[in-house]
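Got some structures for you, see below.
Common to both upcoming complexes is subunit A, partnered first by subunit B, then by subunit C.
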Partner chain A sequence: MIEVNGLKKIYEVKRRQNFFCSEKEKIEAVKDISMKLEKGQIVGLLGINGAGKTTTIKMLTTLIEPTAGTYSFDGIDAIAHPDKVKRQINMIAGGERMIYWKLTAYENLWYYGQLYGIENSLLKKRIEELLKIVGLEEKANLPVETFSKGMKQRLQIARGMINDPKYIFLDEPTIGLDAIVTQELHKEIIRLAKEEEKGILLTSHYLSEVEELCDYIYLVNAGELVFEGTKKNLTDYVFSKNRYVFSVKGMDEAIIIKLRDHLRSIDLESEVMHENGNAVITSKAELSANIAEFAVNESLIINELHKLEPSLEQAVIKLSKNIESKGVDIA
Partner chain B sequence: MKYFFKVMLAESWKQHRNYFSNKLIYVSLFLWPFLSFMASYYSYKVFDIEGSVVSYISGGNIMVFLLIGYMGMSFFRSVVQSAWHFSFERQSGTLEYIYLSPASRMAVILGNALSSVFEGSVAMAVFGALIILYNKESLSINVIGLVTVIPIFLCVALLWGAFLNACFLYSRDTDFLFTVLEEPMEIFSGVKVPVSIFPGWARVISCIFPLTYALEALRQVMLNSADISSVKNVVIISLVIILVLLSATLITIHIVEKHMRKTGNVILF
Partner chain C sequence: MDLKVLRATIKKEFQIRLRAYPVDFMLGCILTSFYTVFGAWMMYHYFFGKRLATDFSNLTGTSDYMSYAIVGSLVYMFVVRTCLNVSRRLITELREGTLESLMLAPFKRTSYFVGNMILQTIMTLGETAIAMVIGVFFGLKIHDFCFWKFVIALILSIYGFFGLSLILGCVMIYTRDTYISQNTLFTAIFLVCGITFPKEYLPGILQFVGNIIPVTDCLTLMRADFLGGLTNGRFIYIAMRIFLVGSVYVFTGFPLLKQLEKIALEKMEG
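Presenting the complex of A and B:
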């Protein structure tokens, strides 16, 4: 398990005053982040407004030294023993960089395998397996510069698996990819977590991707953790009221008024709006049964009655608007 | 140790494949030094070389003198270029993955410098063949001296490349080092003109470049039949340079990684 406690990073940057003078300024990119990642789990790290998630990932991958805080991988202190940790982790980033374009797919994997000191016969076997998994076995001996964007990204995944890491950091892994390739990669990420028990930390701007893949979410803003929990926890946290869409045959303003009166007798704060021929109801109380009861009592023929489940995207957008307008308590 | 050499050889192979996949690179590797060599040779033609204050230069062996200079220069230039090439790893994002691995940074850097040995060796072979082909009678070689000096020359070149490589990694703004080091190395190391006839200030600058000592030793053993005792001062200085470069490279690698981890600049490009 990865355990992170009170991770902090302060950068010291120089601000140029004029040609001869510059002034040092301290920027607190990550303020106090604590998190956990278990094997076989896919955890999302989401950020709002320059949140510090890249800095967090770079610290966890030992590329950046934290100013304060601790983190360990299966009990190994990553700050004291970064070399031991490096053997257990790898990172896969989106985009077409980070591989050698003039080398073939096989040569790229061979080179990265050598950096981990993998024994040659094992490395050969692993490269063949990985190329098969990512569907590049037929293209193994072609230079990477002849690959499509999706193929390069698949090679990145194979590269990120070359040392058989226990934990994988995925930094925007599907950026710029088409829907079909993205779907294939999603399947592969789920397979890695569920079948191979890899612990995966994912950052992505595509909230639908996080929604599809992640078991647990950490949401950071301006270097601080503003929420942690499941997707359901987040939507419940942001959208404290239930929303229903209700429509009946012959829906008119009189029915809306009657419905409003009926529901207010149950929940005084409930609201009923008439939108596009439907009644849109918001309430803290669970009202599905009451709405159905109203329709039966009024002898109305129901066309539609369902509860609106807010998406992760709606939750994050609403949360970020709340943060911008008034700030939120740290969860 | 096995892991160290594995990484070094893999790095060397990768750099060779990455930067020398196009055969035209060999043209630039020879053509430019050759044109420069010809320009220098014909510049000398107009002067009376016989009266030179340098004991081992005469009208008969000036061509060999210059060929040795350009042979050494080609070799050193290729290690400087390979060090500079390595800084492109930052732009391509691959440096981040090298630092993500537990591989020895010294092995990676030495591997990169080693990749240039092949290219440098080809250049040396061509210049060496030219020497033998056109002017072998003016050679006066001390074989034991030559066998001693060449490995020292190779070690100095490799470590010079490794040291520069470590310096280039410090930040994305170290490209200026290439300009600062490449041309002045040709001017001040005695490639075209013996360092002994330089004015004092220029001799001070020439001391900075390991190529100066390497060329002096090579010329002494190839043109003056100098034995080990005659070039012992240059050999001792070269050995000291090897130790200094090795220590400086290890220290620089440590400083660079510490700086990168503190500032996060490994991901800046």
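Presenting the complex of A and C:
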């Protein structure tokens, strides 16, 4: 398990005052982040505004040192023993970085395998397996510079798996990929977590991707953790009211008024709006049965009645708007 | 030293060079040496009128200026090629987007840099040998050659240049500049290390700068191997001085580079 406690990173940057003078300024990129990641779990790390996601990932992968805080991998202190931790982890980033374009796919994997000190016969076997998994076995001996974006990304995934890591950090892994490749990658991520028991930490701008893949979410804003929980926890937390869509044959303003009166007798704060021939109902109370009862009593033929489940994207957008208007007031 | 990483680095770099740089890159290096030798030849024949200062022989131990300048040019080519490529390794990784994936792996940096230095030395030795043949046409004469002294001078030169590369690499990775830093160093080497004229002609402060750059002493040993003019005792003294100065560069360069790697990765945040 990865355990992170009170992680903090302060950068010292120089701000140029004029051509000759510059002033040092301290920027707190990550303020106080604590989190956990179990093997076999896919955890999302989402950010709102300049959140410090990449800094957090760089600290967790031992690329940069934290200013304060501790983190361990299966009980190994990552700050005291970075080389031991490096053997257990790897990172896959989006884009076309992290591989040598002048080398072939096979040569790239071979070189990285050597850096991890993998025994040659095992490395050969692993390279062949990985190239097969990412569908590049036919292109193994072609220079990477001749690859498409998707192929480069697939090779990066193979590179990220070369040391058979227990924990994988995915930093915007599907950025710039087309839908089919993205879908294949999603399947592979799920397989790695569920079948191979890899712990995966994912950052992504695509909230639908996080929604599809992640079991648990950490949401950071300006270097601070503002929420943690499942997607359901987040949407329940952000959207305290239920929303329903209700439509009947011959829906008109009179029905809307009757419905509003009926529902206000149950929840005074409930709202009914007439939108595109539907009634859109908002209420803190659970009203599905009451709406159906109303339709039966009024002898209406129901076309549609369902509860709207807010998406992760809607939840994050609403939360970020709340933060912008009220400041961070969420524990 | 991790031999696995060392061998892998040599192989990887060789494959990349083979694909990235066409033959004309090597030709360019030989031409640089040709132009330097040709420049010295022109100055000697048409500007100085083959007349040397009276103290030249006393200072250099030889009266053969063309051989003196050609050996200087060959060593200069050697130092530029090795320093240039080794010092640029990390910043090249940074620019090509492979620094992060490299630093993620738990390998020893020493093997990585030594691997790069070995490959570059092998390639540069080939280029220098060709340039040496060109030098013969401009008047290079071998007056006194001792194989073992040459081997000692070569090994110490590689050690000294390696240390210099590490420090230059630190400057490059910190400033994220290759052009200004490398050209400043190479110009300084050309001017104060006695490439085409004895450094004793320079003011005291510049001579001091020349003495703390290992190229000056390496050049003295190499010239002694080809042109003579140095006693065994003096040869050993200078050899030890190169080892000491080189060690200062190497043992300062490695820890500094490790620190700067972190800074470079932090700077990638923008």
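The rule we apply is simple: the second predicted complex is superposed on the first by the 329 of 331 C-alpha atoms of A that agree within 3 Å, B and C clash if a C-alpha of one lies under 4 Å from a C-alpha of the other, contacts with A are read in each partner's own complex, and residues count from 1 in each chain.
The criterion applied here is as follows: a contact is a pair of C-beta atoms (placed from the backbone, for glycine too) under 8 Å apart; a residue touches a chain by one contact, two chains touch by 3 or more.
Computed from a predicted structure; not experimentally measured.
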{"item": "Superposition on subunit A - do subunit B and subunit C clash or fit", "value": "clash"}
{"item": "Which of subunit B and subunit C A:100 touches, first, second, both or neither", "value": "both"}
{"item": "Contacts of A:167 with subunit B and subunit C, given as first, second, both or neither", "value": "neither"}
{"item": "Subunit B versus subunit C as contact partner of A:61, first or second or both or neither", "value": "both"}
{"item": "Subunit B versus subunit C as contact partner of A:116, first or second or both or neither", "value": "both"}
{"item": "First, second, both or neither for A:73, with subunit B first and subunit C second", "value": "neither"}
{"item": "First (subunit B), second (subunit C), both or neither touched by A:244", "value": "neither"}
{"item": "Where subunit A meets both subunit C and subunit B, residue numbers", "value": "11, 54-55, 58, 61-65, 83, 86-87, 89-91, 93, 95, 97-100, 102-103, 107, 110-112, 114-117, 159, 163"}
{"item": "Complex contacts: residues of subunit A adjacent to subunit C", "value": "11, 29, 54-55, 58, 61-65, 82-84, 86-87, 89-91, 93, 95-103, 107, 110-112, 114-117, 143, 159, 163"}
{"item": "Residue numbers on subunit B that touch subunit A, as the complex places them", "value": "3, 6-7, 9-11, 13-14, 17-18, 21, 92-94, 96-103, 108, 258, 260-264, 266-267"}
{"item": "Interface residues, subunit A side, partner subunit B - complex", "value": "11-12, 54-55, 58, 61-65, 83, 86-87, 89-91, 93, 95, 97-100, 102-103, 107, 110-112, 114-117, 159, 163"}
{"item": "List of subunit C residues in touch with subunit A within their complex", "value": "2, 4-5, 7-8, 11-12, 15-16, 19-20, 96-98, 100-107, 262, 265-266, 269"}
